[in-house]
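This structure is in structure tokens; I'll ask about it shortly.
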Amino acid sequence: MAESPRRAAGRRLQLPLLCLLLQGATAILFAVFVRYNHETDAALWHWGNHSNADNEFYFRYPSFQDVHVMVFVGFGFLMAFLQRYGFSSLGFTFLLAAFALQWSTLIQGFLHTRHGSHICVGVESMINADFCAGAVLISFGAVLGKAGPAQLLLLALLETLLFGVNEFVLLSLLGVKDAGGSMTIHTFGAYFGLVLSRVLYRPQLEKSKHRQGSVYHSDLFAMIGTIFLWVFWPSFNSAPTTLGDGQHRTVLHTYYSLTASTLSTFALSALVGEHGRLDMVHIQNAALAGGVVVGTAGEMMLTPFGALAAGFLAGTVSTLGYKFFTPILEAKFKVQDTCGVHNLHGMPGVLGALLGVLVARLATHEAYGEGLDSVFPLIAAGQRTATSQAMHQLFGLLVTLMFASVGGGLGGLLLRLPFLDSPPDSQCYEDRVYWEVPGELEDEAQGPLRVEEPVTQA
Amino acid sequence: MAESPRRAAGRRLQLPLLCLLLQGATAILFAVFVRYNHETDAALWHWGNHSNADNEFYFRYPSFQDVHVMVFVGFGFLMAFLQRYGFSSLGFTFLLAAFALQWSTLIQGFLHTRHGSHICVGVESMINADFCAGAVLISFGAVLGKAGPAQLLLLALLETLLFGVNEFVLLSLLGVKDAGGSMTIHTFGAYFGLVLSRVLYRPQLEKSKHRQGSVYHSDLFAMIGTIFLWVFWPSFNSAPTTLGDGQHRTVLHTYYSLTASTLSTFALSALVGEHGRLDMVHIQNAALAGGVVVGTAGEMMLTPFGALAAGFLAGTVSTLGYKFFTPILEAKFKVQDTCGVHNLHGMPGVLGALLGVLVARLATHEAYGEGLDSVFPLIAAGQRTATSQAMHQLFGLLVTLMFASVGGGLGGLLLRLPFLDSPPDSQCYEDRVYWEVPGELEDEAQGPLRVEEPVTQA
Amino acid sequence: MAESPRRAAGRRLQLPLLCLLLQGATAILFAVFVRYNHETDAALWHWGNHSNADNEFYFRYPSFQDVHVMVFVGFGFLMAFLQRYGFSSLGFTFLLAAFALQWSTLIQGFLHTRHGSHICVGVESMINADFCAGAVLISFGAVLGKAGPAQLLLLALLETLLFGVNEFVLLSLLGVKDAGGSMTIHTFGAYFGLVLSRVLYRPQLEKSKHRQGSVYHSDLFAMIGTIFLWVFWPSFNSAPTTLGDGQHRTVLHTYYSLTASTLSTFALSALVGEHGRLDMVHIQNAALAGGVVVGTAGEMMLTPFGALAAGFLAGTVSTLGYKFFTPILEAKFKVQDTCGVHNLHGMPGVLGALLGVLVARLATHEAYGEGLDSVFPLIAAGQRTATSQAMHQLFGLLVTLMFASVGGGLGGLLLRLPFLDSPPDSQCYEDRVYWEVPGELEDEAQGPLRVEEPVTQA
């Protein structure tokens, strides 16, 4: 039974009140804890009589900007492939990422970069905050169209916290290397979202089936996201690595890995397609798997050939995943993965973590020379062997899968709280539930859209 | 009475002839006055035996490129939200900005950066020229859909001149700080456009009302503009600041301010929306107000908390402005503000100027250390107190409002010259007046569009 | 007579098999030949005890990223103007460029940058590979809609090879200067494509005439390409020049040249348009001619005025080319140039080469000072006079035209191999031949599209 309009309207206050509450809370925490670091503070920077050219800003800001474009333009448009969910895909990406940037500044600051009782911020903390926003958006992709914005904000609140903890355990406690986040971002975000989607399983989702696909133009909008992600992914993987050869080498690997995943995606998509036709879903997503798969090993001495081989494998696995595994995931495992994050971020992320295990295992003083200290400081310092580093890398993957699963489960329970506003099964993938949608132009082509008062889950 | 087709066709020569005339004039002035500066001239640069790494290019070009994207992609697509005016929004943005870059190189060069009788150009003059183009496009937003391209070019001619004079008075005569242009760009551009729109008031504009809104896809195109503006705004505010901590700090403030204006925009939009629904107009515009509001104070020691608070306030004011003030502006003040530049640039610009007054008043030697000389050189040199600097900042705002108002009024009189080609009231917001529009695909969905020969205002 | 579905389906294996074959081959060649250069190798970089700030990465990566955006976003969306060929325009751009990056790393490496038996890669080789991809995409533009993806991959295989040889002859053997590639990229790519299009002439192409134009939204998508190309073109021309004043000056010239070509395009488009209306095709393409025309002379002492004059001329020639010469090219010369690459790349490229001849001829020790060694090392070393350099530049243009023509001819013969999958005359400019196209939304507006099994040329 549909609830009364008055009660429904009351639930609509959840989003604005939550926004105001969260913004108020982060603002107070910023006032108490967040300070300039020595490169953004006028007095501290000029104290040391540095050359302006030494400011970290000039080494990392161009990469940061590319990452920023990926998070907001890339993820936003990539998820705008749904025919009636473009406003929500772009708008909620915008909202979730904006909140995650603030909140993860606090979480990551408390855990990693605290100086005394203060969190000191600059371009590096901005990159890390954007990375966390990326993980949140990956999870969002798994439940795209099936959760309301207030639910999603709560989810971001929880996920940012767990992201920070997992990252802390891996990078600070275990000494794992994962610059481009095959584990901390892609594996974590994907499995968090998949478990979440499992908990939120909707048996009646076929009521919204007619809105679940794309239309011609929405696929072109999605390609804006795909191509910007593809082009800027070298900056993503290299943004937080050590300067000099580290950033340079990571860019090179990501560049070549992506070309190989693109070629394998086209090959496989045509091979498995009806009449040899290509599928836009594959091209939009699987072609990016080459960026995910070198997220861990990208800063290591993977070699250009290694990058090609890894990208090829990732594109292949990802395309086959869309074709064969996604239907099984829904039918057998009751995971409704709207964007196929398992194929783009999940499997390639795990592959990337394993590639990191392999390449770390092969690390030698000869291959890295004096650069070993930048890439594997614990090996260089004699505190670990390459084998031990590889084992730590593998353990990091398991920890990530554990945190992601527990977090996704908790997130699912949180989002099932009955008073939270959630779209009914018949109104999934529909902008009109949350947005004023202009005109009726689009509707005429698709049959009438119900303009009835949207109801929430009982 | 409609004029004869022949006379109408004659009027269509205004655009090409004006383009050719203006290009010819600027080319001659370039030949006479414009020269390389010491960083773009082969002989001058190599004279000093500089390290190539010292070339200003490497410190400012990445930021410049982001600004360039904002001006052409950001403004262009943001204004493409109208259902039948995408060609004009993108095309006239392109035309006006291209002309403004040339012309403002000359104007700003004569006023600010002249060396002897020559204007010396490099990446800094390119940034400044793009800033002027930004102001012209803000004013364009206020009259979007209601002025022809020849009118707009004349407007750019006038506005660039007054922009340069106002900037000269503020920065060079009054010693005002305004790196990101809360005053010189946003307040100036907005009030210039609003007064212009008042002078060009069209009582019969409801004849074009059916074209004044968006359609689903045009809102997605507009989001391309919004998101690129949002992502690159940190580069906008920091592009011309002092190097080192100055640029770094400005980026940080703008980044956080924008996250807060995004959260407040979503909160307020849902609060004031019917059934708690979000409005795309708010998200597309008000979410950007956080960039405008830290345009002056961004390089000062605003603190991260201050950036959040300012952004939150700006997003709130801007959203409420779209909801409640824009209708009043049209009904009571006869200002037809197509893009709502008053809400995005006007009020947040004034708020940003006032924030600059406040933060300048609070400047101390202790907070800025040796960096005081970069941010407030006159205070550092003992020529001004912080209070005096604050008063100068406030006076700068008043001067800007004065120049903008007088300029907008003059611009309105200029555009009312009866021989200038202007779209009739029934043909506003319509690409077909100025462009060959392909096919009839779109029209069928919206009822027949008149293909009659467009007429001009009597 | 249409061939049997079984045989048609068999031909559809050509794309995936070719992708796999080519990827396998380049991967093996990478394993054997490609190595890190001294700036991407951990051991080599740390050997020399360099400052990280000296890594070439920090001088070229921001420009590289802009070039990368141009190749994938710019070319991709610019070619998405066709109403039913957006998937193919974006997808095949993606595929061809990804392959060209790998393959041209090998070709250019063997010819230019081999160290012993190894090809050493880093950001400079990445820029050069992207440049080659640009040339391939220019040629693609000439046959857009008329060739299948397997044909196009073979074409990229051939063209990348000849591009490398031509570049080697010009830059290494003849000592020609052509940083932004007026000759090596634009002239080469355009005339290669035009000769190719001549060989592939389809007398019955009017069967697909109804799909050859744009629709309103596809023109807006194309403007994404145009504007990103326009904004980032300064980075394209300056990406491979000498550091310091060289990059800075090249950026400046390109920036101003593009403003002038934009103004002249608007002027000429309105002058020659019916009723003085502007044509989107001109704005999308001819406004970019200013970037092409300073591709050779951009790093020389062209002067800001020279840049304006060159851009103005290029925009004029290009617009007039679209209006008057393209129809003649098809009717008289049997060249069906889908994107008008003759107008955007061909004529402006030749003009740019001739401008390079002129500006090289005018080079003096006085004008370049110590910087002469960077721009014209052979003149600085006394091995050539300015006149001799100019003659070499001119000869470079002739060599380029020769290689392009022979290459395009060979490419045409290759693509006419009867067993290659090619769209029939009635199925040109149609995504459905190669892609799963969602829904029938678009079709309803344009009349039913045949869903029959696509056939291949007999």
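Labels A, B and C are assigned to the chains in the order they are written; within every chain, residues are numbered from 1.
Everything that follows uses one rule, which is that a contact is a pair of C-beta atoms (placed from the backbone, for glycine too) under 8 Å apart; a residue touches a chain by one contact, two chains touch by 3 or more.
Because the structure is predicted, anything quoted here is derived from the model rather than measured.
As for how the two copies subunit B and subunit C face one another, under half of their interface residue numbers coincide.
Note on subunit A versus subunit C: their Cα superposition corresponds to a rotation of 120 degrees, in steps of 5.
Centroids of subunit B and subunit C (each the mean of its C-alpha atoms) stand 33 Å apart.
Residue positions of subunit C touching 2 or more other chains: 53, 58, 62, 217, 224.
Interface residues of subunit A facing subunit B in the complex, by the touch rule stated above, are 8-9, 11-13, 15-17, 19-20, 22-23, 26-27, 30-31, 34-36, 39-47, 50, 52-53, 55-58, 61-62, 65, 68-69, 72-73, 76-77, 80, 86-87, 90-91, 94-95, 98-99, 101-102, 121-123, 126, 149, 217, 221, 224, 434-439, 441-442, 444, 453-454. Within the complex formed with subunit B, the subunit C residues making contact are 53-54, 58-59, 62-63, 66, 83, 213-217, 219-220, 223-224, 227-228, 230-232, 234-235, 243-249, 251-252, 255-256, 258-260, 262-264, 266-268, 270-271, 273-280, 283, 287, 301, 303-305, 308-309, 312, 366-372, 374-375, 445-446.
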